[in-house]
Amino acid sequence: MLFNFAAPLIFILAGALFIALNLVISRLLQPRFPSVGKATTYECGEIPIGTSWIQFNIRFYVIALIFVIFDVEIVFLIPWAVVFKDLGLFAFVEMMIFIGMLLLGLAYAWRKGDLEWDKPETDKFSREAAPELFEEISARPEKVTGELVG
Amino acid sequence: MIQVGLHHFLILSAVLFSLGLLAVLTKKNAVTVLMGIELILNAANINFVAFARYTDNGIHGQVFAVFVIVTAAAGAAVALAIVLNIYKQLKTVNLDEADSLAR
Amino acid sequence: MKDLLDSILQGSSFLANLSEVALAILLLAIAGLLFAGVAAVCALVFVYVERKVAAHMQDRLGPMEVNTGIPLLKNIGHGWAQTIADALKLLLKEDIVPGAADRKLHLIAPFIIFCSVLAAVTVLPFGEKLVVSDMNIGVFFVLAITSFSVIGMILAGWASNNKWSLLGGMRSAAQIVSYEIPSGLAVLIVVMQVGSLNFGDIVAAQAGGLFHWNVFRFFPLNLIAFLIAFLATLAEANRAPFDLPEAESELTAGFATEYSGFKWAVFFLSEYFNMFLIGVFLSSLFLGGWHSPFGGLLGGFFDKGLWQPFWVILKAVVIIFLQMWLRWTLPRLRVDQLMYTSWKVLTPFAFGLIFFIGLWMLF
Amino acid sequence: MNAFDISFYIFAAGAVVSAAVMVFARNLIYCAVGLLFALANVAAIYVLLGADFLAATQLMIYVGGILALLLFGIMLSVKFTGVELRTGTLQMLPGLLVVAGLLGLLIRMILRTEWAMLEPGEFQPTTASIGRHFMTDYLIPFEVASVLLLVALIGAAYMARREKS
């Protein structure tokens, strides 16, 4: 059994070695002309403003949180799935209770809008919101784009 | 050198436990304190599994360790939510500064 | 693998003097390097194929210029050497690390992503005996080890100290994490039916021709499970239409923005090798792995010997072609649609499938 | 020294060194990377103890789940005043002393105790028997775990959400 686990480990080491070797080869072959411009953070040609420490949306956390809970559930489901054929109905009922509990959690998060991400406000640009503008743009797109470019 | 046995695993676990405890005791940032707690739980898990292998020949220790990991996951989720709330309220997650109950 | 070891031990007197463990490690290391090389070649081939597929889908020719260069045969070959030239270019390019970046983590991140994919490949079967590590928890191991790439992406995004990179890294993480649940559940559906996590057992249970493959069992439930697994793994590989993390128009290149030269190539390589991994993974779980679709035809002639890796790779290539097809057909999803698809469509459906297949198996 | 012993020492050293990096690093992300490697090494230690399922669980939940969560937590709770995510330490010296004393005591206890040891058996696949234990002996903890997870999900989602409004 240990042998089976040694294989991925040695593959990891070999993979790391492979990348390292290539990086060294690349380092030996490549030209190196460092300059201030190259070392600047890339921001589409603009001079970067501030650091990249932007405050992130809390939704990232909520998604990760729901994920962790369901990840744990998958870990519980795996040994169950392996023995399910042997144990039959009893195990099935037990697991459905377990899943049902967590589905309650998913339903709660769903209901409270935790699974929603910010949607673009498409209504603003719909036909209903500004009918004249919409007609104008649809009729003569080249005029609008021309203005934008000009 | 003596063959690796129960003692080796227990000592490894003790060292990891101490490092985790050190993180809990000395770190300022609440998230690193949480990391220390995770390390402590890992040390406990090594003990469970090592005892299961060397004194019991069974699998109960491993089942227990699975439950520990699960509890750790649930705990980390809630604890981080609390940390984020503290950050929201007090604009800091440093435990020595977050010492007031009122805003 | 063990058999191979024994035969080599008997064959060579020099190797026989080494201890068995050292020999095993040596062999595995060679195999690992070989696989890493295969990964690189894989990426080269698939990039070429992808460009050609894309081109022909859009009524273009794609790369045509780079051929052998022999005067008379200059224009024959459909630009086959294009990706080789690209690879050489990447190797010769100056490796620029921005001054504001964290150099150590900037270096480590590609290693983590590549190694996690490479480690997952060890448990995948390319034939009845043709597997590096016949691990009894194979399926679970693949699910577990691939979760390293999430961390790699967050680290890459953070270490670059660039707004696009960080946002791209966070988005990748959120996306991969969301789609790990449906893919895990879809995989479990197969595990339920076979009762084993070992890839060998799972494939062996699908012997007997096309209609014994897992996709066609419990019709149509397993077919839906396969679709869920396919979509979820597509999203986990950050492939279009789920390629938001590297949406060129908004995030330039996502977490890989500040990478150049060979380090960038490692990300690219990992992406294409990951597609191959997914292809073999899905074909073993759902499409009968090394079994031919013909079953016992000609006394099972097509199920033997070198046909086995042939079928595995053919199925993987078909899945990869499907992935490419979708990429060049569908527009990119919005973030809210992405989350909607994962949590409100795929996950509930997967749970429903587990319920109904459980009932079906019981009664 | 056989292969088993050598791998134990390698992984133990790996776990301890990365844990030390986690404790002593001043950069928050370095702490997380230290924890990442510590967790991976502990997973390898589980394999050496014959707990294959547990090792994969460790990778899946700790590395894929909790560590990702912690990284998200770091990203969401940094003050963006400085470029680097520095974190200081408090009372390092007393902390070190207390922990060193405790470690000494623990090791002394481990070495002094007469453990009722058995000869360890052959390595066996554990997944199926863990599944059977979940469904029989550990049924109540198993179901209670689902309640715990539900409570954690609802509670944490509620707390995280309150920020929005």
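Each chain carries a letter (A, B, C and D) given by its place in the written order, and its residues are counted from 1.
Quick note on the criterion: a contact is a pair of C-beta atoms (placed from the backbone, for glycine too) under 8 Å apart; a residue touches a chain by one contact, two chains touch by 3 or more.
Source: prediction; values computed, not measured.
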{"item": "Of C-D and B-D, pair with higher C-beta contact tally", "value": "B-D"}
{"item": "Interchain centroid distance [CA atoms averaged], chain B/chain D, Å", "value": "6"}
{"item": "Length of the line joining the C-alpha centres of chain A and chain B, rounded to whole Å", "value": "28"}
{"item": "Length of the line joining the C-alpha centres of chain A and chain C, rounded to whole Å", "value": "17"}
{"item": "Per-residue overlap in chain C, given as positions that touch at least 2 other chains", "value": "100, 135-136, 140-141, 143, 145, 161, 166, 170, 173, 177, 180, 197"}
{"item": "Sequence positions of chain A contacting 2 or more other chains", "value": "1, 5-6, 9, 51, 54, 56, 58, 60-61, 64-69, 71-72, 74-76, 78, 81-83"}
{"item": "Two or more partner chains touched - positions in chain B", "value": "66, 69-70, 73-74, 76-77, 80-81, 84"}
{"item": "Pairwise chain contacts under the document criterion", "value": "A-B, A-C, A-D, B-D, C-D"}
{"item": "Parts of chain D lying in touch with chain A, wherever the complex brings them together", "value": "3-4, 7, 44, 47-48, 50, 52-53, 55, 57, 60-61, 64-66, 68-69, 72-73, 75-76, 78, 80, 82-83, 123-125, 127-128, 130-132, 134-135, 139, 142-143, 145-147, 149-150, 152-154, 156-157, 160-161, 163-164"}
{"item": "Sites on chain B touched by chain D in the complex", "value": "1, 3-12, 14-23, 25-32, 34-36, 38-39, 42, 45-46, 49-50, 52-57, 59-60, 62-63, 65-67, 69-78, 80-85, 87-88, 91-94, 96"}
{"item": "Complex contacts: residues of chain C adjacent to chain A", "value": "1-2, 24-25, 28-33, 35-37, 90-101, 110-111, 114-115, 118-123, 132-136, 140-141, 143, 145, 160-167, 170, 173-174, 177-178, 180-181, 184-185, 188, 191-193, 195-197, 252, 257-258, 261-263, 266, 334-336, 338-340, 343-344, 347-348, 351, 354-355, 358-359, 361-362"}
{"item": "Footprint of chain B on chain D - complex, ascending", "value": "1, 4-5, 8-9, 12, 15-16, 19-20, 22-23, 28, 31-32, 35, 38-39, 42, 45-46, 49-51, 53-54, 57-58, 61-62, 65-66, 69-70, 72-74, 76-77, 79, 87-92, 95-96, 98-100, 102-103, 106-107, 110-111, 115-118, 120-121, 126, 129-130, 133-134, 137-138, 141, 145, 148-149, 151-153, 155-157, 159-160, 162-163"}
{"item": "Residue ranges of chain A touching chain B (in the complex, touch as defined)", "value": "58, 61, 65, 68-69, 71-72, 75-76"}
